[in-house]
Amino acid sequence: MDNKLTLLELNQRIKETLNREFQSTYWVIAEISELKINRKGHCYLDLVEKDELGDRIVAKAKGIVWSYTFRMLKPYFETTTGREFKQGLKIMVNVSVEFHELYGYSLYIHDIEPSYTLGEIARRRLEVIKKLEDEGIIEMNKQLPLSQVPQKIAVISSKTAAGYRDFIEQLNNNPYGYIFYSKLFPAYMQGDEAEDSIIKALEKIYQYEDLFDAVAIIRGGGAHADLGCFDQYHLAANVAQFPLPVITGIGHEKDESVVDMTAHTKMKTPTAVADFFVSKAYEYEEKLLGLRDVVVERTNQYINLENQKLRNLYSQIYPNVKSILEKSRNILEIRKEKFLHIHRNFLNKKQQNLTAYSKKLVSSYELSFQKNFHELKNYERNIGNLVRNYMKSQKKHMENLAKAKEYLDPKNVLKRGFSITQKDNQTVKSSRQVKKGDTIKTCLYEGKLVSQIDYTEKEENIITGKK
Amino acid sequence: MAKEKQQLKYGDAIEEIEKILKQIENEELDVDDLTSKVKRVSELLSLCKKKLRTTEEEVENILKDIEAE
Amino acid sequence: MAKEKQQLKYGDAIEEIEKILKQIENEELDVDDLTSKVKRVSELLSLCKKKLRTTEEEVENILKDIEAE
Amino acid sequence: MAKEKQQLKYGDAIEEIEKILKQIENEELDVDDLTSKVKRVSELLSLCKKKLRTTEEEVENILKDIEAE
Amino acid sequence: MAKEKQQLKYGDAIEEIEKILKQIENEELDVDDLTSKVKRVSELLSLCKKKLRTTEEEVENILKDIEAE
Amino acid sequence: MAKEKQQLKYGDAIEEIEKILKQIENEELDVDDLTSKVKRVSELLSLCKKKLRTTEEEVENILKDIEAE
Amino acid sequence: MAKEKQQLKYGDAIEEIEKILKQIENEELDVDDLTSKVKRVSELLSLCKKKLRTTEEEVENILKDIEAE
């Protein structure tokens, strides 16, 4: 147990070792988790490093800025970054590692690189913007319709701020005599409480949503004010989603804050915000007056147009009537002309008809006469033939009768030696008609014989050969 | 007969002739009658001939007139 | 006859002529009547001719007048 | 006739003319009537002609007035 | 006619004129009616002309009055 | 008319005028109606003119007031 | 009118004026209505001007009553 050491001895050896091993200074990146300035002006800080999620502290060290250094370093940092040197900031500082036997390990801060913090602020700012964008609310307030005359304004400001006074002054003493109604909702406009304070004020205004036309968030005065709260997510999100248009006049020198971005309208100063409202009212009135002029002009035009229309209508009457009358006259004239000639055709046709009739009379009469005459001639011609035929026929008949008579005349038979025997004036044709002793008379061609029958004989007919 | 000539129609005469001739043909006549009937026929024929001749002359004259026209 | 000329219509005359001609053709006439009938036809024809000629003259005069108009 | 001139319509006159012409054409007229019918047609034609002439004169007079207007 | 002048519409008058013209053209008129129809047309033409003249004068007077206002 | 003046709208009056003018243009009017229609148009035009004049005066007064403000 | 002052919205006034203007421009207004519509524009103008410049106590009272802190 030779190597027993007193605490002091050990701390001395640690100190020697550290002094030997960490002779130079180092640029270290850390977050200020605690910051205290004592009466002598020395600044004592707790520097920490958090894990990637920012939840857990993974390293911690004490830091000291001696007052003579701090007096220069603080304003340098604050003017460069526009941020108060305070807890919560991420900083890059030049440190030497110190070990004090009594106080232990600490880092003496000799210098600071504000541009790192600036970059860090910008990075965080971008993160906030991205989040707002991702949530789709960044443009929400901008999309709210601003009343044409934002006459009733809820103001969020510090009561005592010069900026607020300027704003009210500018608003109420506008050169046009417009009336504005403003109501102050006081809030801290800087420092750690600012964000919550402003959000609270917004919540209050929200209760009177219907009453106000717009919200003005204004701030002005302090040159080195820390405006970090206006880059905070919660405030920006509240502003973005606020149901009334928010007009900001925060007074940034350089980049606009995230709240400015989410607000409906961003003005640089409170005075500018007041001017904005006045100009809106002025624009409105100008628009009204413009409309008035247009109404006057259009009304006059309308009346002139109507006058012109009436004149046009009037001017149409006569030509139209005249045209009708002319057309009617022409039609009449055409009818008249036609009429003057048409009857001649009519009468001519009738005349022609009459001529045709008289011609037809002559021709049909002549035809009739010819036919009758011809008929008579035919009769004359026919009668001779008919009569002669008749005569011929009669003569023939006569001749036939004469021939028959010649043939039948008994004289001609007797002439050839035949005779006719009669008994009691009966012609005897058979021997059986007579008997012996009868007296018969015989007619000859010339003369007659009377005789007595001696006998009779039956003999065949001489002529027919019959018996 | 002269009177008859005037009175007896040609047609009647022809009819009588035809009637007598039929009787002769049918031997409905006595020889004595026969002679007289034949005689009658001869007379009638003669009459008719005369009538025909006369008529023909007259008619021809008229026809000549007609045809001459 | 003179009177008849006035009274007998041309058409009736023609009809009578045709009737007589038909009788002759059909030997419906007694020879004794022939002469008188033929004479009648001759007269009728004559009458008709005269009528025709007269008519023609009259009509022609009328027509002459019409055409003269 | 004078009265008829006044009363008989031109159209009726023409109708009568046509009727008579048709009768002549179809030989529906007795030669004896022909003369009188032809005369009738002649008169009607004459009447019509006169009517035509009168009408023409009257019409011309009226039209002269129109034309003068 | 004086009364008719008041009552007969111009359009009807024109229609009547055209109807009569068509009748003449189509020879649907009896010659006897031609004169009266021509006279009628003449009157109607005259009436129409008068109506046109009167209308023109009246219209001109009315328009003069408007312009004077 | 006095009553109508009160009741007839300017626009209706113009419409009626235009309708009548169109009828005249399209020759849908009988010549006889022309005068009365032109008279009607004349009255309507007169009414419209009066209305316009009155309106013009009234409007001018109002506008004078507006611009004076 | 007093009541309307309370209720009139700037935007509505502009809208109403613009509507009337459009009607005038598009000649959708009857001339008879022109006067009243122009009068209305005049009233709206007057009202808006007044509203812009006259303090409404009522509003002020309400604002005063709000507990801001």
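In this document, chain identifiers A, B, C, D, E, F and G correspond to the written order of the chains, with residue numbering beginning at 1 in each.
In this section, contacts are C-beta pairs under 8 Å (C-beta built on N, C-alpha and C of every residue); 3 or more make two chains touch, one makes a residue touch a chain.
Treat the numbers as computed from the prediction; the structure is a model and nothing was measured.
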item: Equivalent interface positions on chain C and chain D, same or different at half; value: different
item: Comparison of A-E and E-F (more C-beta pairs in contact); value: A-E
item: Rounded Å distance, chain F centre to chain G centre (Cα mean); value: 33
item: Distance from the mean Cα position of chain G to that of chain C, given in whole angstrom; value: 127
item: Rounded Å distance, chain B centre to chain E centre (Cα mean); value: 98
item: Residue list for chain B, restricted to those that touch at least two other chains; value: 52, 55, 59, 63, 66, 69
item: Residues of chain A touching at least two other chains; value: 292, 299, 303, 306, 314, 317, 321, 325, 328, 336, 339, 343, 347, 350, 358, 361, 365, 372, 380, 383, 387, 391, 394
item: Chain-to-chain touches, reported pairwise for every pair that qualifies; value: A-B, A-C, A-D, A-E, A-F, A-G, B-C, C-D, D-E, E-F, F-G
item: Partner chain A, residues of chain F touching it in the complex; value: 10, 14, 17-18, 21, 24-25, 27, 29, 31, 34, 38, 41-42, 45, 48-49, 52, 55-56, 59, 63, 66-67
item: Contacting residues of chain A [partner chain B, same complex]; value: 380, 383-384, 387-388, 391, 394-395, 397-398, 401-402, 404-405, 408-411, 420, 422, 425, 427, 443
item: Footprint of chain D on chain E - complex, ascending; value: 30-32, 34-35, 38-39, 42, 45-46, 49
item: Residues on chain C engaged by chain D in the complex (per definition of touch); value: 9-11, 48, 51-52, 55, 58-59, 62-63, 65-66, 69
item: Chain A residues within the chain F interface of the complex; value: 292, 296, 299-300, 303, 306-307, 309-310, 313-314, 316-317, 320-321, 323-325, 327-328
